[in-house]
Structures are given as C-alpha cells and as structure tokens.
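Chain naming follows the written order as A, B, C and D, and within any one chain the residues start at number 1.
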Amino acid sequence: MSPENYLYLAALLFTLGACGVLLRRNAIVVFMCVELMLNAANLALVTFSRMHGNLDGQIMAFFVMVVAAAEVVVGLAIIVTVYRSRHSASVDDASLMKL
Amino acid sequence: MSFPLLTATALTPAIGAIVTAAVPSARRTAAKWIALAFSLATVGFAAAIVLRFDTDAGADRYQLTESRSWIEDFGVRYELGVDGIGVAMIALTAVLIPFLIGAGWNDADPKEDEDEAPASRRWRPTQGFFALILAVEAMVVLSFAATDIFLFYIFFEAMLIPMYFLIGGFGDRAGEQGEEGQARQRSYAAVKFLLYNLVGGLVMLAALIGLYVATADQLEVGTFSLQAILEARGSGELDLATSTERWLFLGFFVAFAIKAPLWPVHTWLPNAMGESTAPVAVLITAVVDKVGTFAMLRFCLGLFPEASEWATPVVITLALVSIIYGALLALGQRDMKRLIAYASISHFGFIVLGIFVMTSQGQGGATLYMINHGIATAALMLVAGFLISRRGSRLISDYGGVQKTAPVLAGTFLIGGLGTLSLPGTGPFISEFLVLVGTFSRYEVAGIIACAGIVLAALYVLVLYQRTMTGPVKPGLEKLPDLRVRELAVVAPLIALLIFLGVYPQPLTDIVNPAVEHTLSDVDQTDPAPHLEEVEAGQ
Amino acid sequence: MNPGELQAPVIEWAALSPSLIVFGAAIIGVLIEAFAPRSVRYTAEVVLGALALVSAFAAVVVLASDGHATSEAQVAGMGSLAVDGPALFLQGVILLVGLVGVFLFAERRLEPAAHGAAVDSFAAQPAAVPGGPAEREAVKAGHTTTEIFPLLLFAIGGMLLFPMANDLLVLFIALEVLSLPLYLLCALARRRRLLSQEAALKYFLLGAFASAFLLFGIAMLYGYAGTVSYSGIADVVSGDPASVNPGLAATMGNDALLLIGGAMITMGLLFKVGAVPFHMWTPDVYQGAPTPVTGFMAAATKVAAFGALLRLLYVVLPGLRWDWEPVLWGVAIASMVAGAVIAITQTDVKRLLAYSSIAHAGFILAGVVAVTEDGVSSVLFYLAAYSFVTLGAFAVVTLVRDAGGEATHLSKWAGLGRRSPLLAAVFALFLLAFAGIPLTSGFSGKFAVFRAAADAGAMGLVIVGVLASAVAAFFYVRVIVLMFFSEPKADGPSVVIPSPLTMSVVALAAAVTVVLGVAPQFFLDLASDAGMFVR
Amino acid sequence: MESLIGLLIGAPLLGAAVLLVGGRRLDRVGHLLATLLAAVSFVLAVVLFLDLLGEESEARTLHQHLFTWVPVADFQADVAFRLDPLSMTFVLLITSVGTLIHLYSIGYMEHDERRRRFFAYLNLFLGAMLLLVLADNYLLLYVGWEGVGLASFLLIGFWQHKPSAATAAKKAFIVNRVGDVGLSIAILLMFTTFGTFAFEPVLENASGASEATLTGIGLMLLLAACGKSAQVPLQSWLGDAMEGPTPVSALIHAATMVTAGVYLITRSGAVFDAAPDAQTVVVVVGAVTLLFGAIVGCAKDDIKKALAGSTMSQIGYMMLAAGLGPIGYVFAIMHLVTHGFFKAGLFLGAGSVMHGMNDEVDMRRYGGLRKHMPITFATFGLAYLAIIGFPYLSGFFSKDEIIYAGFSKGGTEGWILGGVMLLGAALTAYYMTRIMLLTFFGEKRWQPDASGHEPHPHESPLTMTIPMIILAFGSVGAGFFFDLNENFVHWLEPVTGLEHGDSPVAHGTVGIAATAVMVLGVAGAWWQYGRRPVPAVAPQGRFLTRAARRDLLQDDFNHAAFVRPGNYLTRGLVYLDHKLVDGVVNGTAAAFGGASGRLRRVQNGFARSYAVSMFGGAVLLVAATLLMRAV
C-alpha cells in the first residue's frame, strides 16, 4: 500500500476534526476534535517520516503526544471549572463577552 | 559654534511650560506671572534673532544655523536655521504670546466649586492653560526654525496635542446652551481639529517617507535636510521623477492646506475658534495656522518646484474660492467668533494666493500678510473675547449699542476690524495689496476676482460692528464695563503695531525680501516685466 | 564514529542561559508551591521571579555584549535554537516585560483587604465555584493563588524559546509552553469570574485549534523537506537539498506541500499575534482575563510571536517571498483597517485596547513584509516600543476602580482628568503613543516600520497604514476627550493609590515611551545591530 | 519750503491722534486744539501758496520725499508728496472751509458729550483729505482716499445710537469700497503696464500704452470716482449720509471729500486724454448724475437730503466737465471751488436752521424763518443766489463756463450736453428756490415735536454765524475773482492744460440762455410753492414724484439686485457649508462609525463562530498562497 494513502487519511481526519470543532457544542467534544486534529498531524508526521526514511517525524510525533497530554490537563481543568460554575459544558453558553 | 540662539528661543517657553505646570495649585497668580515672564524672555531672544540676522544681499540664505545629530538611523538631524521669512514668523509668534497670556489672564481660573476638592488632587486648570500656551509656542518656534523636514514634521504634528487640550479644555463662560451643551460642542471642536490635522499630518508622513526613499534612491544616503536636498537638486544630483514629485507635493500640500486652512478642508477652523477662548482662538489662527502657509513657502515650493508649478492653477482656484467663500460665510454667521474664523479663511486664501502666484510681490505680500493678519486678528478677536466674557454670549444678536456704554472697547474693536478689512494705513493693507499686485501681474482674472474680497471684507466687518456696537443699547448691557487696564494694555500695543506696520513696514520688508528672492529662484521664476517695457523692447 | 554509538548532544549552556534560568526558576517556583508554607510563598515567589528575570536579563546583556547578537551569532542546541540578534533583542524585551509583569501580578494594594489579608487580582481559590461556599471560605481565609508566579515564569520561558526556535519542533513546543500557562492565567480573575473563565475557555479552545493547524503545517513542511530544521528546509526551498538524502529527492520538493504547510504555520503564528482574520479571540480574552495578565499577554505574546514569525519568514521561507508577501499584505491591511474601524465603537477600555492591538499587529506586519534587514530591525524596535506602552496602559486600567472592581466601561472614565490629572495625563500619553503622535515611542516605531516598508517598495501599504492610523487616532482621542473634557460623574470610579510595584510599572512604561520618542537613537542602533538572522 | 507739506498733513493727523488717545482728560480743550491745528494747516497752506505764486508759473511744483514705504522688488511705493497748482487749490479749499467748519462745529456740537471725538474725526478727515490731494503716487492717494472714507464713516455714524445713522455710515463705506476696487485695479493695471504708479512716470508715459489698457485704467478710475463722488451708479449713499451732523455734511459731503473723484480724474487727465472711450463714459456719467441729482433734489422734503441731491447734481457738472478733457478740466475745478463755498454755506445755513428748530429737518414744518434768523437767512440767500447762477455771483461764472465747454464739444454731442446742462440749470433754480421758499418764506408751519416741545426758532451763536458770513463772501466773490484776468485758468493751466473748443454757440449766448432757464426755474418754484400756503404733509404726488422721493428707486434697485440675492447666497452657502462640506467630513466619520457598528456584530461572542472565521481565514490563506503561485 502506498504510504500516500496514510496522508489522505491524515488529511481526512484533520478535516473531520476541524468540522467537529466548528459544529459541536459540547466543550469536551470540541476539545476532543482538536485532539483528533493533532493526531491527524501525528499520523502525517509518521507517514512522512517513513517516506523520507528519517526519524525526525517520529520524534516529533512523540513530542506532540506529550504536549497533547499536557494540553488535556489544562483543557480539562478549564472546562471543568466552567462546567462547575455554569452547569453546562456548551461552548455556546459561554458568550457573555461579545461585540 | 556660537550661542544657539534659535534653540534658546524655543527652549525658553518649553522650560516655562514645565515650570508653570509645576506651580502648586494654590499659587495660581504666581503661575500667570511666571508664564508671562518666560514669554517675555522669549521676546528678548526673538529680538536678538532679529538683530543678529544679516539682511545684506550677499548674506547666507539660512542663518543662525545649528546642527546636531539626533536620530541618525532615520537620517534625521537637529538642524535649525532661519531665513527672513522664518525670522519674521518667529518674531510674530514671540510677540503675540505675551499678549495672549495677558488677554487670557483670568480665562482659566477654576470655578468656585472646584476649589473645594481635596488639595492634593486638585485639578489645576490655570497652570495647565498657561503651560500649554507656552508649549505651543515652543513647538511653533521650532517648526519655523527647523531646516530638517523631519524635525519640522515632528513639531508640526506634536503641537496639535497641546492645542487640542487648549481647545477642548477651556472655553467661554457658558451661554444659553448651558454648561453641558457647551462642553459637548467644545470637545466636538477639539476632536475635529485634531483629527483633521492628524489626517493631514499622516498624509504628509507618507509623503515624507516617500521623499526619504526617493533621496535614498538617488543620493548615497536618504536625507531630510532641506539644505542638502536643495543643494543636491541644484547640482542635478537629485532629480525626482515627475510623477513622484507630484505625489510627494500633494502629500505635503494636503497637510499644509488643512492647517492653513484652505477651502474645502476648512471646516474645523470655525468650530475650533468658535468654541475656544479668544486667546486660544488667536493662537490657532494667528500662530499655529501660519505654520501651514509658512511650510508651503519653505517646503512645497523649495522641494517640489516643478510640481508646485504644475499645481498652481488648482491651488490658485482653491485660494480664490477660499477668499470669496470665507467672506460670504463670514457674512452669514450669527456667532462673532465664527465670523472672525471665516474671515480668517478668506485671509488665508489671500496668503496662499500670494504664495502660489510666484512673484516677489505675491510672496513678499503673503509673508507680510501672515504677520499682519496675525496682529489684526489678534486685536479683533481679543476685543471680541473681552466683550464675550462680559456678556457670556457669542451671538451677535445679543449685543447692540456697546459703544454707548463701553466706547473704548468699541473703538478698539473697530480698529481691529478696520485692520481686518485691510484699511490703508494699517499693516494688512500693504500685504493685501502686494498679494493683489503679485497676482495681477501674472493672472489678471484671478487678481480681479480677489479684489471682490475687498468689498466683502468691508461688508462683514462693518455689519459686525454695526450690529454689536451701534444702535440702542440692548437690555442687559446697560452696565457693561469698559476695557480694564489689563485689557487695554493688551490691545493698545497691538493696535500701535498694526498702524506702525501700515505706515513703516520697511524693517519687515528688509528682512523678508532676500528670502523671497531665494524662494523665487528655487522655483526658477522671475517677476513679469511691465508691459510697457516689453513693448519698448519689442520695438 | 561507530553506528549505534550514542552521540552526546552538545549544549551551549552559556548561550542558552537566559531561558535556562527562567525555566529553572519556574521549577523552583513549583517546588515552593509544593513545600513552602502558605505564609512565605508570596514573598518567596515574587523575589524568586524577580531575581530570575533580572539575572536572565543580565545574561542576555552579557551575551549581547559578547557579540552573540552580531558577529558571534550561533546556532545552538544541536541546531534547534538560534542565538542571534533578533532572538537576543526580543528576549531582552520579553524579560523586561516579564519583570514588570511580575510587579503587576504581585500588586496587593488595589483590592480592598479581604478579612484583614491583602489580596491581589487573582482568585482566592480558582477551583471553587464562583459565589459558592468554598470560595467564600477561601476568601475568608485570605488565600491567594501564588501559583501564578511559576505559571508566569513558564510562559516567559516559552516566550524566550519562541523567537529562538530554529526548527519546527522547538517552534511547536515553545508555542505550547507559552500558551498553556496563559490559558490558565486567564481563568484566575478574582472578580467577574464567569467572564474570566469564559475568556480562558475561548482562548484555550481557539488556541488549541490554531496550534492544530500549525502542527499540521509542520507535518506538511516536514513532508516537503524531509527535515524540521529551518536551515534544512530553507536549503530545499532554495533548491539546494545537498544535505538531504538524494535518493529521496523524488518525494521532496512538492510545492503544494510547501505552500500549504507554510501557510498553515503562518496562520498559527498570526493567531498568536492577533491578526485579522485570526483575531477574534483577542477582544474577549483581553476583556475577561485579569488585567495584569492581559497586560503581560498583550505585550509579551506579541513580541514572542512576531519573533517566531520573522524567523520563519526570513530564514525558512525567503525563497517563497513572492508567494507569501501579497498574502501578508492582505492580512496587514485587513488587520489595520478592521482593528481601527471596529475599535471606534467600543465601550470597554480593555476591548478597545484589544482592537487597538489588532490594528498594531497590522502595522507591525507592514514592517515584516519589507523583507529587508531594515524591516527586521524596525519590527524589533516597534515591538519594544509597543510592548511597554501596552503594559503601561493596562497597568493604568488596573488602578481605575469602583465598588465592583476595575471600572473598565468607558463611560465611567468620564472626567478622570479632573479627578486625577496626573494619571489621566499618563494614560493620555500612552494613547498618544498608540496613535503615533511625534515625540512618543509610537511615532518612532511607526515611522521605522513604514519607512522600511516604503523602502522595500510597499508604498501602498504605507498609505493604507497612514489612513488606518488616522481612523485609529479617532478612538484614542475619544478616550482623551472623555477623560479631560467631560464632567466627572458623581458615582464615578476613583483612582486607587497603588504600591510602588504598579507605580514603578507605570513610571517605567511612561519613561520608555518618552525616551523612545525623543531620543530613540541608542535603541534604534541596538535594533539595527540585531537585524541579522543566523542561518 | 517742501518740508512744510508734511507738516501741513501732520498737524491735523496729530490732532486726531492726541484727541483719540488722550481720552476724557481732553474733553474740555479738545475742540479748541482741533480748531487750532486746522487753522495751523490753513496758515501753512497760505504760506506755501504765496511761495508757489513767487515761482514762474511752469515751476510751481514742490516735491517732498519722506521715506520709502513699501519696497518689494520692482514694487516701490514712497511716502512722497507733490504740491502743484492743482493740489494747492484743493489744499486751500480744504483747509479754509475745514477751519471754518471746525469753528462752526464748536457751537453746533456744544451740547454733545462726545464733542472731543467729533473734533478728532474732523481732524482725521482733514489729514486724510490733505494726504489724498498731496500724494505723489496713486498708492499713497489710495491711503488718503480710504482715510477720508473712514472719517466719513465715523462722522456719518457719529450718532451711532440711531440705527439709521449707523446703517448710513456702513452703507457709505461699503459703496465706497466698491469704488475702491476700481482704484485698486487701476493701480494694478498701472503697475503691470508702467512698472510704477507714481504720477509723473505714469502720466508722462501714458501715451505709450495701448488704448485698451488706458481705457481700462480710465474706467476703473471712474468707478473709484463714482464711489467717492456719489455719481451714478454708486450714488446711493450720499442721501443717507445726511444722517451725520450737519457740519459734516457741509465739509465732507458737499465741499471737499465728494469732489475727490473730480480731482482723481483731473489728475489723471493724461490717461483719459489718450482714452476717448473712457472720457465718453465719464461725460455720460456726469450728465446722468446731473439730472438724477437734480430730480431727486426737487422732490425731497428733508432739507439736507434736498441739498445732497443738489450736491450730486453739481458734481455731475464737474464730472461732465472733467470728461470733456482739457477744455473742461479748469472749469471743473473752478466749479468745484465755488461749489465748495456756496454749498458749504448752504449746509451751514441748514444746520443753523435745524439748530434753531430742535433738529427738525422736514422743510414742510419750517416756513417764515427769515424773521427769526436774519443772519442765516442772509447768508443762505447769498449762497442760494450763487448756486442758481445769479449773474456775477460765483456759480454764474463757473457753471456758464462748463455749459459753454459742453457746447464746444461740438456736433450732436455738444448740443445734447449743452441741453442737458441747461435743463439741469433750470432744475437747480427750481429746487433751490423751493428750499428757500419752504424754509424762509410763507407761514410758520412748525409743530411740537414728539416730546411736546414747541420749537423756538432763534439765531445761532457767533461761532456758527461767523463761518457762514465768511462763506457767504466766498460764494459771492470767488467766481468774479477767478474770472478776473482769467486768474484761475492761468493758475491751473500748467497742470491740466487748456484747450479752447469750437463752440457753435457764442459765449454770451450761453450766459443769457443760462440766466433765462434760471429765471424759468425760479418762477416755476414760486408758482408751486410761493403763491399759496404749503401743506405740512406732503401730497402723494405722481409716480415720478414718488420715485424721486425714493431717490429714483436706487435703493430698491440695489436691494433687489444685490442685497437680497446676496443674502440668499450667503444663507445658501452657510447651509451648504454645514450640510455639504462639513457633511462630507461628518459623513465620513459617521460612515466609519456605521461600518464599525456593523463589523462589530461579527464578534458575536460564540467561540465556534470565531473558529469559523479562523478556519475560513486559513482556507483563504492557503488558497491565496496557492493562487499566487498559479499566477
């Protein structure tokens, strides 16, 4: 199988993630979609690493995973706080500030 | 290097501004005297400039020059120097400021209730007022003295800020509109003033950058030095492309036209002059606006001679429109300060006309006009201010028969008005006539159209005088006090100066003439010869 | 060298000392939080933070005076970090801003003392539900969140790395390191906690979204060049893939990958600088975040992000100049115009400053577009000038308070010039600097940037910039009008006398604003010496 | 000797300055000081006159160069004076009549609290008028020209509390300004043509310039003269100017200032001689005004306005004469001088009457005053006889010469001009007799004024009667003296030149005809006003009468043609300035505000829509980058 297919998959996942961010209301789901996008990037990185035959992409992917984990910590902390004060995890509810 | 006279002249009011601003709030009167003292010291330095200035035919064009490095990275130097026009303008500025301080002596006293605020945080309007006036003076002097275009620009723009606070922060006694309404009007005027001029200034900034890039292109390094650019142009090193030169000219001209102000970018002036106190109104029209016309002479013509010639028809048209339009609108005003403002627009039309007809009489006349208009308007406006401060209204219709109760006030008002309408025997006549001569000898039709301004000027001045000063005494004015000693001390010297310059302007023309010759040679023009000589030469 | 033998990485400790100091201090800060008693944490954290930043700044100065900014510029950390002029200059700026930021964070005289304990602008117990019993208890106990200091130090550390990043990996890591603490800091306001949390949520979600784009862009660029190193990519872009395995040349050099990847990375960075159309988080976050955080973030993030953007465009993508230049033209114009225009109708000081920052991002982009050494140094200078003005302005905002905390609604600022002329005058100075009035740092910066742009032939950009400045002047002036020419309202806010901490921030910002306006030569020299990127 | 010229001008100017600056302290001596300085001027004038007489007739010119006034490149204006027989004539007239009227005013203004100012203005006028006639270049003349305008403005509006006076003063100044534009343009033309505007070089080189230019200069000078001398079409101000105190009307609006136009044209003779078209226009203007003024004079019931009409008409004679060229110059000036005497006398008499009649000016409320004011009656009567051209009194000589010169123009034109002037002479006799009859003869018609005071007509004090008596002597004798040995002609000839026209009508015939029409006019007036009592309220009259009472509708015309459109224009422009010029500015601001308000709504607070914007932006960015490459 041509490695390019992985790239197409990565692009697809990325787009799916982006669409999720744009369409879903629940903050957790939105956040998961962002994670999906990050992982799509990871897939692409690994694929390219394979195509180029060097390790840079794979190393990068590991870093990204760590970063994503850290992001989860921060993100969940924020989302949970918001949920506790509002009793809602809807992104659209948090729209006091505008204009 | 000899004593930096120009810097000293600018620094004195600048220091004065700081000292005045630092006076504690309780010592209001001390602040006034300090400001006056510094302004008088400035007059001293200005007098020294006049005396040191060499008017011989062979003398340097720019004298009393100073040159220090400032922002090398921008190619900006602290370069000062004056030609005769600059000397005249600095002298005008220095002379007028003490009168303005004297006239505005009590204009910025805090209202009674404000005195009760806790002492540590008390708003100090009086100190602020005089400090701002001195700050404006410093910046105006520097912009008249700067021979580095960037340096000029800095002060050209920076002076907007103190002016802005002067317009927006201090006004006449509240009239019928009430405190609130007047404050609103005033801040509208201040904002309009600032934005108009800022837009002009920013357009100029673009042109300034363009000029730098153009010089950097053709010379080794980019420069803002007027003298360097003039020299490079003279030697052919610098030869701007026609379209570049025109664009740059436009950028500069728009800024100066707004400042001057020229029709159709004049509408800020009536607001600004109408809402501010009389001394500030004078500061605007007699001093600050002159920077615009001055800069047309020094920079537009000097830097972009070909483009200036190219734009002449349009500029002359605009100037003529200003003359007539300003006068007609002055006739239609109900507010006397706005009336004077529109009259000034008409006069600025004359000044611009004189500058752009490119004859010695036109430009010499325009320079004299700047001086004379400053003095005449100061006299008229300050007296109007005294009147307004007595009655608390700017509406012409609120006055009548003032000469009965306050004959000296009425008399000085009339003389100021006569100066404004360029009565022979007062300074403005000479300058106006020179402009007309300069115009007529090259553009006859324009000269004749400008002559219409003579009649209209008489009309608006005399209508104003008739409505306010003559006729039966209006109710509420029966006890109007006449001019006080302080007020008389402000107005009388101005009137004396007005008449002196009308009778014996030679000291002034001696200073101005060589500079005008230089400017004319910048644009490569000579005066047209009389027709009779042409005919004879033809034969 | 035997294959399989591990090669020890070479780390230039000295050259990297500024960021190392800051990260070290941050870790110590965490330890303090963990082990030190509550009573000493505040003092310890503030002293630690200040000391760390001062010594890091000293390190930057030493490095610069050793010529690391110019002749000795080098690539460090196995090629992943650059120690050169722009990096050092911006690090210096960030460190100073950070130091001042510590002062702002540490200010404890503004909030009325809660049950006897002096408190700062941050929530007593961030995890507690706003208005809930847990919060009341925490307030009663006089708790404060001293964790803000290590968070701040981590953010500063990330910002120090950001302009140094010389490969895509570091770029991404630095971005996250600087962003994550900021997300948290945004959520920590003591007052109006709902807004604060909303700001954090929006910032976080959008920030993560943007970094996903950035990361995907990185992946594509890597796919294009087969390397994440800037110089390696640049070589490929300029058609000289000597250092890369020639056998794989076929899969490399796909221009679509390059262009899309470059665009996506650029987008990620433009998000951080708040350029249109990636600006929409700015007003909400600026408004909701605690004001000291807003001030720090507005100043420092912009500096760091522009540093990274400059390096990316100048080192990695100069070969693509003709592709991205017009696009950035568009972004710059859109930012200048939209920022200035929308700001006209704002009614909240912090939102107003947010839109102003958007417009300023546009102005700075004008300098970025120049792609000359002059362009770089003008941007560096602008960033230095702008960051202090911003910090000063937000510091002033923290001082104007009424019963509900900071009085950020503009109508409440009416007549401030009468009540506190000095403070109003200083704020007016900052506004005038924003507006670019001569004799303030704003003018010097704007002139430098516009001149560089014009020099590079972007006269159109200059003209738009000039017109946008005119529009922008309108709303700055509007605030001045409000402060000075309106009658004070009876129930208007009062100006709190702060501790020397905030006072020094305002004074420093004002001094920098004036000095960079009146005598900028020294700093211009610094910036222009620092105008060369190392490859 | 030359230095006396400056002194001559300086004395009254100094007086004006001292009185104005000195303030109330000088209230008690101001009038004396002013009169004294006027007298000093007169004495100096006499001294200079004797000096000139001592010279050969061709060498009777003195120059004084005081200082260079405005030097800008080729534009060199000097403050320099020129005294030659023409200016000397004026100087003598001005200082003598001026001094007399100062004297008269002491009595006339005795009860006015602002008397000091009045005398200051009178002195100012004197100085300016002397400057006007003594200047040696047109620009300096312009200064005097406007200076007298200013003095006239101040004096007409002296009783400023009366709105009518203030309006009249303003009107006078502004109408004069219209004329001044003419003078300005004339000077501009001179400068562009000759490179100078000093009398000598301009007039000597006049023949070298093109006729079109000279016609232009001439017409512009005429415009100026029309303004100052109240000639059609700029005549409208003179009637209103009678709002001023009567001595002012006598001095400024009868004897001296209004004749400045004649001076200007005579002085510029060389220009007109080379521009026949301009001369024709001068003649036409003179002829029209002659009749115009006379008709107005016939209809007015206000004694001063009737006299003002007469002044206009008489100046019309002078203008006409000056327009005839060297045939007429001398006689224009001669009539000017004699007119100065008798018209000043008439006005002073009118002032004396008003003084005794509680300032009543309506002649229909006089009547039979000869018994109450014998001296006034006598002096007024003598002046009356002089003006109607009673044989061997002043007016007879000067007017006959002008009529003769008119006939000498030759051809149809000569006949028309002669006819017009004879008609004018008849009208003069008619309206003057009317005044005489209404004022001094018939029954008393005075009534209590508004405040219920019955006037008690009485003779005026000595300070007033003495000047009247002296002027009466002048009215009687001046013409005869001038005519003796052609004294006056020889005196002026070096300046103005002289030609003897070829008249189809003999000199004697003209005299007889003039006397005949005079008798006709007197008879007509007697027929209407002498035979039967005069109604105290004017009958309605026919259209012409009514029009004449309204100054032949001149004000209505000006109002309709200039004032009203001007007002509309101004108001329209104010509106436009606000709505259009300012509207564009405010509109721009509003547009930005509106755009801001709309753009601002994009920021709707929803994080997801922000994400959409980012996503869209990313797509755009990518697309644009790719597009750039494709392009």
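As a convention for this text, contacts are C-beta pairs under 8 Å (C-beta built on N, C-alpha and C of every residue); 3 or more make two chains touch, one makes a residue touch a chain.
Labels paired with UniProt names: A = NADH-quinone oxidoreductase subunit K; B = NADH-quinone oxidoreductase subunit M; C = NADH-quinone oxidoreductase subunit N; D = NADH-quinone oxidoreductase subunit L.
Everything quoted here is computed from the prediction, not taken from an experiment.
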{"item": "Partner chains that chain C and chain D have in common", "value": "A, B"}
{"item": "Chain of greatest Cα-centre distance to chain D", "value": "A"}
{"item": "Comparison of B-D and A-D (more C-beta pairs in contact)", "value": "B-D"}
{"item": "Distance between chain centroids, defined by C-alpha means - chain A, chain D (Å)", "value": "96"}
{"item": "Between chain B and chain D, centroid-to-centroid distance (C-alpha), Å", "value": "37"}
{"item": "Inter-centroid spacing, chain B versus chain A (mean Cα positions, whole Å)", "value": "64"}
{"item": "Geometric centre distance via CA averages, chain C-chain B, whole Å", "value": "44"}
{"item": "Touching two or more other chains - residue numbers and ranges from chain C", "value": "201-202, 205, 209, 213, 283-284, 474"}
{"item": "Residues of chain A touching at least two other chains", "value": "18, 21, 30, 91, 94-98"}
{"item": "Shared-contact residues (touching 2 or more other chains) in chain D", "value": "589, 600, 603, 605, 607, 611"}
{"item": "Pairwise chain contacts under the document criterion", "value": "A-C, A-D, B-C, B-D, C-D"}
{"item": "Chain D partner contacts - residues on chain C that touch it in the complex", "value": "201-202, 205-206, 209-210, 213, 255-256, 259-260, 262-264, 266-267, 271, 276-278, 280-281, 283-284, 322-324, 326-327, 330-331, 338, 341-346, 471, 474"}
{"item": "For the chain B and chain C complex, residues of the former touching the latter", "value": "69-74, 114, 121, 123-124, 128, 153-155, 157-158, 160-161, 164-165, 168-169, 179-180, 183, 186-187, 190-191, 194-195, 198-199, 202-203, 205-206, 209-210, 212-213, 216"}
{"item": "Complex contacts: residues of chain C adjacent to chain B", "value": "417-421, 432, 435-439, 443-444, 447-448, 450-451, 454-455, 459, 462-463, 466-467, 469-470, 473-474, 477-478, 480-481, 484-487, 519-521, 524-525, 528"}
{"item": "Chain D partner contacts - residues on chain B that touch it in the complex", "value": "192, 195-196, 263-264, 266-267, 325, 328-329, 331-333, 359-361, 364-365, 401, 403-404, 407-408, 411, 418, 423-425, 429-430, 433-434, 436-437, 440-441, 444, 447-448, 451-452, 454-455, 458-459, 462-463, 465-466, 469-473, 503-506, 509, 513, 516-517, 527-533, 535-536"}
{"item": "Residues of chain D defined as touching chain A within the complex", "value": "600-601, 603-608, 611-612, 615"}
